[in-house]
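In this document, chain identifiers A, B and C correspond to the written order of the chains, with residue numbering beginning at 1 in each.
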Amino acid sequence: MKNDRVNMKIILDSLRIGYSSGRQHNQVYVPVSASSAGSEIIALIGRNGIGKSTLLRTIAGLQRVLGGDILINGRNISEYKKPEMARICGYISTEVIKVDNMRVWDLVALGRFPHTNWLGSMNHDDRIAVEDSLQMTGLTSLRNRNIAEISDGERQKAMIARVLAQDTDLIIMDEPTAFLDIAGKYEIISLLKKLAAKGKTIILSTHDFNIALNHADKIWLLLDDRLAKGTPHDLLAAGEFEHLFRSPSVKFNSGDRSFALIDED
Amino acid sequence: MTINSKIKEFIGAVFILLASLFTVSCRNPDSSGSQLSYNTGKSSVQLAERFSLVRTDSCTILTITDPWQGASGIKNVYYLVDSNSKFSSSIDGNKVIRVPVGKIICMSTTHVAMIAALGKTDAIAGVSGTGFIFNREISERIEKGIIHDVGYDAGLNNELIISLSPDLIMIYGIGSESAGYLSKLRELGIRVMFNADYLESDPLAKAEWIKLFGALFCKEEMADSIYQSISEQYINTRQYISQNCDEKPVVLLGLPFRDTWFISPGSSYAGRFISDAGGQYLWHDIPSSEALPYSIENVYIRSLKADYWLNTGSARSKSEIVSLDPRLGKIPCFITGNVYNNNKRVSSEGGNDYWESGILLPHLILKDIAAILHPGLFPDYDLYYYKQLR
Amino acid sequence: MNFNSTINSRRKTFMFTILAILLLIVFCLDIILGSVIIKIPEILNVLSGGSNTEFRTIIVDFRLPKAVTALCVGIALSISGLQMQTLFRNPMAGPYVLGVSSGASLGVALVILGFSARFVPGSFQSLGSWILVISAWIGAGAVMLLMMFISSRIRDVMTILIIGIMLASGLSAVVSIMQYFSNETLLKAYVVWTMGSLGNLSSGQLNVLVLAVAAGTALALMSVKMLNALLLGENYASSLGLNLRMSRFVIFAGTSILAGSVTAFCGPIGFIGIAVPHIARNLFKTADHTTLVPATILIGSIVMIVSDIISQLPGTASVLPVNSVTSLIGIPVVLWIILRNRTITITS
């Protein structure tokens, strides 16, 4: 890992996200403006279907920008070539990967893809990067295990190790803790916090309030009509979370961060 | 292609049908006396194995047995009853065919050839695949629109067939599938008859099927005398050959398809001609009754012994054979030039007379082959069906 | 990607050595065994320039080209099957899912069966063997171009798979219609073509086949890294910097050239393309294409040559259609895959 990196800067400027087929644009969310100064965990919160995954995929360069700009370190992402983009941004989706006969080591080694030659041969540096990533995620002892045969938490760690091996400043993760048990969740979170402390910028989506409020540096709250952003503390103080609950029977109390079910009678 | 499938090919290709507008009674009351001479209770068929004709007082009983490859235990019985007489109520009316047949549709060139030999071309209302006909008279009728093309196999034009309202449709059997699509025609009241001439491997037995048409058109005596004459000429030629030839040149037949060579047995139609013509068929010893797939290298190694190579599919020249597979050019009798094919008489559209008139002129086929195998046996003889490939 | 630790790489070297030796042995057996029995001293005599011209013809003109053809066919079908299984992440995918073989079949059917309407049965024979090859190639090439056009328009690779399968079914339906209206002999000629054959290539055709297989194999080697990334699906592959459009193009082109040429020269030969990649994965216990591509090359050619030996029924005069032999070998493998049923799965 490089140690002397400059913090990455990300700016979303009136970014419009959605799907396009031909000339037809299907915008899924209001234009988004937000930024990050790097070396932090940003949590995306919003109801299902509001466009969290689309936003993440768009920032990762996997989906076309419908309008507005994404600037990474001052350059528009449309100016980045694909391999170049893959060296600054890693991505983990909600897909569960189970490939028969693929070992943990093989999966992590795929992270070196943007760094190797046309045949994908691994040199000494590549191997070191893979070993380091395994060590950082605590998977060294599982390196020869088949990825179809390890636990969900271990597999998620292996996916993170793959992104670490990819050696990118920006890591984008779609619901990284979704299928994990409590222990698994917190192992992942503590790993992510370590990575952020080392200078990585992590943008993740989650439905877990606890994780977002207690462990994210910033929250981007995707409300129906606008994006509310700030530290967890700021957003709590502004009472923004209450807007998430459209049903009159659920109430969020920003003061003590608790939910209440209201009996309508 | 083997000889066997070649036969099927040509039969399959041709489906002849036609409208004859007038049915002419060929039988007058006076002729009934001569019919009595047939009324012996025995079949008048001598060599052919797949059909029999037995005269009774009131009708002729026609029995066709196992009319397609692999059929066994099948007997199709028809009662040929004079169009003027009544038939006994003990006879199944569905099996009665009124003779003489006025309009016939036939699926094979051999049927056409036999009808033409009996002078009944005007009875042909339809054929299958008009392009395969060699006979000039029939071709002209096709051009004039008197004879129609009814298609073949599953592509049969049922509506056209019905509009022609034939008294009989004569087909060659390719198994139960055929029977399947023909059941519709039967349902519509059209008489369907399976002809099995193509399954007769003896050239004379094949020719004897003219007697079937003789019975259908009430020209028994004419058919008998034609057959008699064919038979005499064939036997005489065969005898002449056997008396004058000691050597038996070895003969290779057919062409491979890709790397598989379907080999007909010695008892096949083509195999019989070779032995009758004083030759030895390269595979005379295989016991099968049907063509077998042989490896091309196996055929090659045997072909080293062959002196002559006959019946080379549709090849018109040696270069066509080589373009099919260059290795065929290494067969010794190919190199020496002893390659002959039976396509001397082919119409512009590809109708091969070997498969048409050849059925009634087996002695000419025999003479051709003998003349090829034994140069000098018939001085100044011009080959009729065969030609040497160059 | 060289995914490995030393124990595994030693095992790998061992396996490759064994397979290479096995390939050499079956190749020799294919030349030694045939319906004509030739004793080994005579074979050696021929190979050292001996004088028995008949045996020489059999070995040099019949068996050697056939063995080389089997080698090429085994390589081509196995590699293209591997590529399709990885690209579509479907264990049942094979060289023909893009419809190239159906395209080739239609080309051949148009020649063999289409002629029945106008020409003498069997006249296609006189056009020589190139006509079938060229028509099959045109058919396969047309389908390949169509699929490439479609794939440049459609993002989702599964949609492309479905379109490919539908296209193949549609083309087969057209062929069925032609079969339905064909007479028995032409039908038989077509059916014999669909049964596949390895032993009918002239030396000129063999040269073309070898060139085509070499080109397709080169494209497959170029696609090794792409295929590894595609194991994770197109999303992840793209996030790793893979140009999806470009990689689809390379993989489709490789598969079409390989499967199309084999179909053109030898007919549609089934099951090898589906079964061999699975055998390779399970022998080498890896998903890494730097290992799998050479492994499928070796295993595919061994299996195909063994199928050829069996189809010749050594010592007898008769032969079996090679396609039925490959099916009988391939079907148990495919069944085993279905029963095992977890080769490449991804759930969302």
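Here is the rule we use: a contact is a pair of C-beta atoms (placed from the backbone, for glycine too) under 8 Å apart; a residue touches a chain by one contact, two chains touch by 3 or more.
Keep in mind that this is a model prediction, so the values were computed, not measured.
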Remark   = Drop subunit C from consideration and the touch-connected groups become A | B
Request  = Report back the single chain whose CA centre is most distant from the CA centre of subunit A.
outcome  = B
Request  = Name the chain with the Cα centroid closest to the overall protein Cα centroid.
outcome  = C
Mean-CA-position distance for subunit B and subunit A (Å) = 81
Query = What whole-Å value do you get for the distance between subunit A and subunit C if each is reduced to the mean of its CA atoms?
reply = 43
Request  = Give every residue of subunit C touching subunit B within the complex, in rising order.
outcome  = 34-36, 54, 57-58, 61-63, 66, 118-123, 125-130, 180-185, 188-189, 192-193, 197-200, 202-203, 312-313, 317-319, 321
Query = Across the complex, what residues on subunit C touch subunit A?
reply = 1-5, 221-222, 224-225, 228-229, 231-233, 235-236, 238-243, 281-282, 284-288, 290, 342-348
Task = Mind listing the subunit B positions that touch subunit C in their complex?
result = 1, 5-6, 8-10, 12-13, 129, 131-132, 152-155, 174, 255, 257-260, 292-298, 300-301, 304, 313-316, 320, 323-327, 330, 346, 349-352
Query = Tell me, which parts of subunit A touch subunit C in their complex?
reply = 60-62, 82-87, 89-91, 93-103, 105-107, 109-114, 116, 118-122, 143-144, 148, 166
